[in-house]
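Read from first to last, the chains carry the letters A, B, C and D; within each, the first residue is number 1.
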Amino acid sequence: MKETRFVPPKGAFTRTVPIRFSHCDPAGIVYFPHYFDMFNGLIEDWYTEQLGVEYAKLILDDRHGFPFVHIETDFKIPSRMGEHLDLTLLLERVGRSSLSVIIIGHLAGIERLRARLTTAMTSLETQRSIELPKDLRDRFEAYLKLTGEAGKSGAWGA
Amino acid sequence: MKETRFVPPKGAFTRTVPIRFSHCDPAGIVYFPHYFDMFNGLIEDWYTEQLGVEYAKLILDDRHGFPFVHIETDFKIPSRMGEHLDLTLLLERVGRSSLSVIIIGHLAGIERLRARLTTAMTSLETQRSIELPKDLRDRFEAYLKLTGEAGKSGAWGA
Amino acid sequence: MKETRFVPPKGAFTRTVPIRFSHCDPAGIVYFPHYFDMFNGLIEDWYTEQLGVEYAKLILDDRHGFPFVHIETDFKIPSRMGEHLDLTLLLERVGRSSLSVIIIGHLAGIERLRARLTTAMTSLETQRSIELPKDLRDRFEAYLKLTGEAGKSGAWGA
Amino acid sequence: MKETRFVPPKGAFTRTVPIRFSHCDPAGIVYFPHYFDMFNGLIEDWYTEQLGVEYAKLILDDRHGFPFVHIETDFKIPSRMGEHLDLTLLLERVGRSSLSVIIIGHLAGIERLRARLTTAMTSLETQRSIELPKDLRDRFEAYLKLTGEAGKSGAWGA
């Protein structure tokens, strides 16, 4: 498979995940459900550290839920114990009540995996989707602008 | 969201997963990475119980790996502790060294989630993709026939 | 290490767990936190299938919590992918608001691991420990009697 | 329950774990098997960052395994999403082929949980326990000295 280079766009939120013994399977590579757990942790940190919105508060106090409605992932290169995988989050689309993010896993400038995850904001009381609050939407738009809307085009497929 | 009815095609491999306390998050619904773990368990059981090929032997003795290369999932209705989720596996496509399966999660005839997972068979020695052995391919083809090729069309999207 | 034989006492609740690819680590054996998840699943099934008390209802409707306060585990023989581990639950002690269970993991009559887990019943509303309801206590006592109080003595250590 | 204060001894290895959505259960507190995963991660980091021995190398290159043979844990105060739990590792005992560590979870100077974990060093080739290599033993002894042997007495129970 041809390698794909990846350099995070300016302003993009990136966190490094140490690949642990516990992530790996008898084949010695990351057992894939752990990637989804890493994605969720990255999104959590993005809210708290980048957007300045405490994720725990959104859930516990504001009673918002963020269930995923659609996920697509390309796994390109496996990762192994002892490696440090960089995960970069880009915003692709801000809908009325939904949000699509692109997460790229990369190491030493080479793309290892790429996911698109779409969440719908819900009320934990009614279990129905609700419109994104203006304050959150403003922060999403600001992040889109900060990253030059890099997640909007060409980030997937092509 | 409009509900989608799902009835497993004749001959399809279905297993029931009890939704446990441990699967659920503070919002009371299944934390989504657990679904991927359930999918992997279903595929394992399908090899062993339906195809008559012991999955553990494929990995440990034959040194084959089955890393996922692409996953798409639609999450339609969340599942909760105490429910019993039925998972049905259909085969969509048998490639030279890859395999695409469709997994449908359903309960009481209503579809809850649907995933397409594509694996590439690799050698654990060389880490390279290898051609599906004829014996395995024959078993996959037999399952395709048994299920009336139900996974081939209309199973995704539409 | 000397092998310890284990035969479940008459009446004891036993369930078999298939050791999956996903349970195992790069050393090819079960990654130990998964055992604790198996224990929790066994206890859940014991409530529902043996005691006739739906565990999900206890949590979601009655708002009871069962946090563990103390856990001890001896890991004697590792388990590997493809094996089927039997887990037997014995009751050791029924306290005012706490419960101690012994879980023995065994395969082909040989003990593989043994744990003692003590839970305290709490109210999810007040987060404080509460007295075991009489109905539950009666069911625990009945199970103690059914198993000849086998968990009470000699089950640990010796 | 009376609160127990905990201040890490001088020189002790401490890492902070953010309690995530994914760690918590429908009761809103950490699902306990995750603590054991956190302990394993802490031990991994202690090897790599404190002792200067790359944990991945020990497993993958030197083919050493570190299965746990005995674990005891007291869970005192539950932890919740959004909190940051400090984990401190102390060494209790260095045996011929085994190692006992004490891990204390604490927050704001109050102890939340305390575990003693004993591992036996094994060869992944023979699956038998092997003597601790002198280099490792020296590093363990140095850590014991660095922490004033604080893990040796009074660290458990009392």
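Here is the rule we go by: contacts are C-beta pairs under 8 Å (C-beta built on N, C-alpha and C of every residue); 3 or more make two chains touch, one makes a residue touch a chain.
Keep in mind it's a predicted model, so treat the numbers as computed, not measured.
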Legend entry - Chain pair with the higher count of C-beta pairs in contact (C-D, B-C): C-D
Inset, instruction - With chain centres defined as mean CA positions, report which chain is farthest from chain D. - result: B
Legend entry - Rotational angle, Cα trace of chain A fitted to chain B, multiple of 5°: 180
Legend entry - Centre-of-Cα separation between chain D and chain C, whole angstrom: 24
Inset, instruction - Could you put a whole-Å number on the gap between the CA centroids of chain A and chain C? - result: 37
Legend entry - Mean-CA-position distance for chain C and chain B (Å): 30
Legend entry - Shared-contact residues (touching 2 or more other chains) in chain B: 21-22, 26, 28, 31, 33, 37, 40, 59-60, 81
Legend entry - Graph class of chain-chain contacts, one of line, ring, star, complete, other: complete
Legend entry - Residues of chain D that touch chain C when the two form their complex: 26-29, 31-34, 36-37, 40, 59-60, 65, 67-76, 78, 124, 127
Inset, instruction - Going by the contact rule at the top, pick out the chain A residues touching chain D in the complex. - result: 18, 20-22, 28, 37, 40-41, 44-45, 54-57, 59-60, 80-82
Legend entry - chain A contact footprint on chain C (complex, rising order): 21-22, 24-26, 28, 31, 33, 81
